[in-house]
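This is the structure I want to talk about, given as structure tokens.
Chain lettering (A, B, C and D) follows the sequence in which the chains are written, and residue indices restart at 1 in each chain.
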């Protein structure tokens, strides 16, 4: 398990509610994400897991409740502002830039690390060029790390699904995030691919100390890699604790066995 | 085996990032650039320069501009003619108000003014997307043309309502106005398009180009990476309109000699869009191929039947031209959305392996 | 400053008040023109609803239909036969478009399909002129082109008939969509392609049907406009007029197309007559666009469109 | 595309480009004529071009001009400027000495004509100041917009008795060329004390219903002067008739007074009463036209149906005849036939009392007056026929002179 677990709170979701018309996607959910931990969010379909991630990323704004990152209120930030705070994410249905090469996809992840003047960029001179090259070097390290050297120049849209997921992770890592949000990083993968992905997630957490929040359906994976598990059902949090706590929590059992409850 | 890259290893990221990573390409391009500067001015007759080469260069610049916006940033615009008109009228006003100002500066400033106008009309792009935006750019097209047509100040109150390129020199050579030789106008147009093609290439292979393509390919993913949609799209509108503005100024100053708003009507917007689609969306090279194609097809249709001993009625040729353009657009969108540029690339790959099939 | 305000804000209204009968005529003219805009816009909406394709070529389909009809009449076909043959041509066209353009592009992004219809637009324009010639043609469908006075206002019989026919067509289409099996199927496809497929509606049939219906609507629009201004190239320009209508009404709403057409028609005429002279006139080409754009910034989904919730 | 097919295509393309290069013109004198067979001006271009070519054929069927053949090259500009430029370069390469042009193309080409010393005749729809030989030394317009404006007002006065206190509506194409006569009209309005209001028609001409309603029912114009081209005239006639405006109080400039305009408006019954200004006679009852018919019959062919579009056809004949006349004058001074544009210009400026058997007003072209007097005639549609209602006349010559010769608003160089 992760070494850094148990340090201070990085992200604080405070009784957040999200409403789409008549539907309450989230009602009063509070989650603390501690720096350095791997937190898994689980729950049946439609429980509000992705909505929670979307609220954290700034795609939706909560109708009630607040969100703090590193102690500062950031409830109403837009996604690009969220990115600037150091939060990166992947999507449930891979959201790669299909028309770009793998390399360019990952380079795009470096966007916020690259500053520049428009004119120098246009001429590709001096700082613009050296910055481009420095970032290229960084990206190459990620490519090595995720073992995708062979597909560097391939168009992202033509890769098999498992590799696309890996490239998307690479793109998120390129931003050197403090907090990484992974929406079902292992969905649709075979066993070997899943094992690879688990290894990468643990390595990212271990080597760079990146805090990770992930949504996952595979309970085996969740129990193996996460420090802590939050369970959502019908937009409410029904459990929050270590994998072992959650495994035996009665409400969780109900939810997963499909027993109705009010 | 002529076109081989075996034995060429890239040892630095710098060489891998180069525009033309293969030596043969670099040699060919360098020779090519030299050739296009020297050969036509020496050997092409006035008809070639005036009817084919000059319009080709100007359209290529406009197509580059639209390609940055539509091909790279994914924002469809049908207002190209309007933005070109802004450049043309700005160049006319500037060059007549400040006769001593270098025409090169005039062109650049006209581009900047067009860029500003482009930004204004790009603002709706935050709230509206896809064909909604296309319709909004049509509004720009119609409004701008109406404005230039209506306000006599734009034409210096000339009763004929036309803007006419005054005579101006660059380095002692007359490049605009009725006395400018076609060769001089050709070289000036070529310098502009060469410089701005290089700049376009630099932009699209770097930070800015990646943020455009990110917005184009998946806007939500782009946002969470830190791409600010409005700023990015507006930058695309600005740069695209800058290119189109210069192309518009050139259209009057280096090609038509004088013009009224009719020269910038919606037909021009579509023409440039055709170049981009047929040449290749999201390709700098494609902008050139598309422009060449659109300039050559009518000439081909006019002359080819004569060569084959046929005689087609003129009206029939024009109808055929429309059908060819329309049909090819559908063809390319279905078969090869990356257009002629992609076909060129495939040919190159074949050459690379030649004489082996794989 | 006050002068300008007086000129722009007060003057035109005083004008309206001083000659209400004329204002009435302008409004009626606007409504009748708007009906025709609606008819063209409906063609767009039908196709968009069922296939998500924004058919830029709808205007040229109007021209093509009218050209075909006039061409057949000129070759001596009786009116009824000409209509039947034209309808057959439009349906055949729908088959060809489905086979050649739509099917190969079925899973492409909407913007690609849109650009393909721009290509279709130019192809059909060249093809139509090649078949039938480019001259302005007179189209006489037997409705007298006479004006009469009604409550102090001058009303044109042809325009009135065109308006009534457009209204009837619109009503028929509304019923078709709400009450018939195929209409419901079309709506099902519009809402969810996969769902429609899963209950056994073949997509290509739907597409052919909907493009055929749009083609038939194009005939009506072409006849109405052609009778009014002659069959000529500028007929296809009315398609450009229908675009602001769509923005205003929303791309997916039949009611929106109708109401949007009326608003644009009336707004345009009033703008042209009362405010146009203040800026030198001939504002017709862009006024509708600016009207629609202003509206769009306030309500991006149009009058009746549903609020767009982006799915992440 | 197969490799073979692409080679064939490439060869054809190369050959076609080669074909575009000029051939030398040794024993023939090359002139060009704008033949817009496509685009909105096709209804003008096709008959005009036919008339032009037929007249040239007639000349060549004789002895040419003093034994020199004339070759009339066609320019299809599709009513757009870029193809006109391309064709212009081609004709320049073929050493053309004179061109017959109309529309915006003249505006675009005027500076080059002066630079390259090539003569152009403008058929009624060209720069208003083209009548000024000093301003446009190489452009010869037969009826300038200024002369047309004056003639239209003169005719209105003749019809209404007086213009004092009357309301005149001016309906121009909403383009610079369309608005050019406004200055002349405003002058005349002041002079004759009539009220003038401009109703600009959108250039696309998609609809003119509102304009007609506004003009007839709100402004209640006493007389309408229209300066339209392409497909707009027919729409205007139609819409004016529809709102019940009396067409005998309407006069069109030369751009909208052809049979095609009337026919497209729904036939001559609809357009009954409508007036058009003409700088060439209408119909086929002129000696030169009978000579052309005779030429066709002699060759065992039927005269072309284009002759029925007599307004534009006859204008084409007039343009060709003017150029041939000028070439004749030039060749008289240079019998070897190696004439250049300047010779034709000089020849043009020597034309005196040229009437072509009544097909044109007597033209007196001088180095300063390039429209040759600016006389026009009004024709009216009456009982499905075009009938002349005036003789050749000019109106307000001093006002025209002031506008044509005034050096105002010249494009800055």
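As a convention for this text, a residue touches a chain if its C-beta (ideal position, glycine included) is under 8 Å from a C-beta of that chain, and two chains touch if they have at least 3 such contacts.
Note that this is a predicted model, so its numbers are computed, not measured.
J.: Quick check: more C-beta contact pairs in C-D or B-C?
T.: B-C
J.: Farthest from chain A by Cα centre, which chain is it? Let me know.
T.: Centroid comparison gives D as the farthest chain from chain A.
J.: Which chain's mean C-alpha position is nearest the mean C-alpha position of the whole protein set?
T.: Chain B is the most central one.
J.: Once you find the CA centre of chain B and the CA centre of chain D, what distance in Å lies between them?
T.: Roughly 35 Å separates the two chain centres.
J.: Centroid of chain B to centroid of chain C, CA atoms only: how many Å?
T.: Taking the mean C-alpha position of each chain, the two centres sit 33 Å apart.
J.: Averaging only over C-alpha atoms, locate the centres of chain A and chain B and give their separation in whole Å.
T.: It comes to 41 Å between the two C-alpha centres.
J.: Where in chain A do residues touch two or more of the other chains?
T.: Only 59, 91 qualify.
J.: Can you tell me which residues of chain D touch two or more of the remaining chains?
T.: 38, 42, 174, 203
J.: Can you list the residues of chain B that touch 2 or more other chains?
T.: Each of 150, 220, 315, 318-319 in chain B touches at least two other chains.
J.: Once bound in the complex, which stretches of chain A touch chain B?
T.: 57-59, 78-80, 82-84, 87-89, 91, 95-100, 104, 107-109, 111-112, 114, 116, 118, 121-124, 128-129, 132-133, 136-137, 140, 171, 175
J.: Can you list the chain C residues touching chain B in their complex?
T.: 54, 100-101, 104-105, 108, 110-112, 114-116, 118-127, 129-130, 134, 240, 243-244, 246-247, 279-280, 282-283, 285-286, 289-290, 292-293, 296-297, 300, 310, 312
J.: Taking the complex as given, what residues does chain C use to touch chain D?
T.: Going by the criterion above, the answer is residues 19, 22, 25-26, 29, 33, 134-136, 138, 145, 147, 154, 156, 158-159, 228-230, 232-234, 237-238, 241, 269, 272-273, 280-282, 284-285.
J.: Using the touch rule from the top, collect the residues of chain B that touch chain C in their complex.
T.: 74, 76, 124, 127-128, 130-132, 134-136, 138-139, 142-143, 145-146, 150, 220, 266, 270, 273, 277, 315-316, 318-330, 333-334, 337
J.: Give the list of chain B residues in touch with chain D in this complex.
T.: 45-48, 50-52, 55, 96, 149-150, 155-164, 166-167, 177-179, 255-263, 267, 296, 298-300, 302-304, 306-308, 313-315, 318-319
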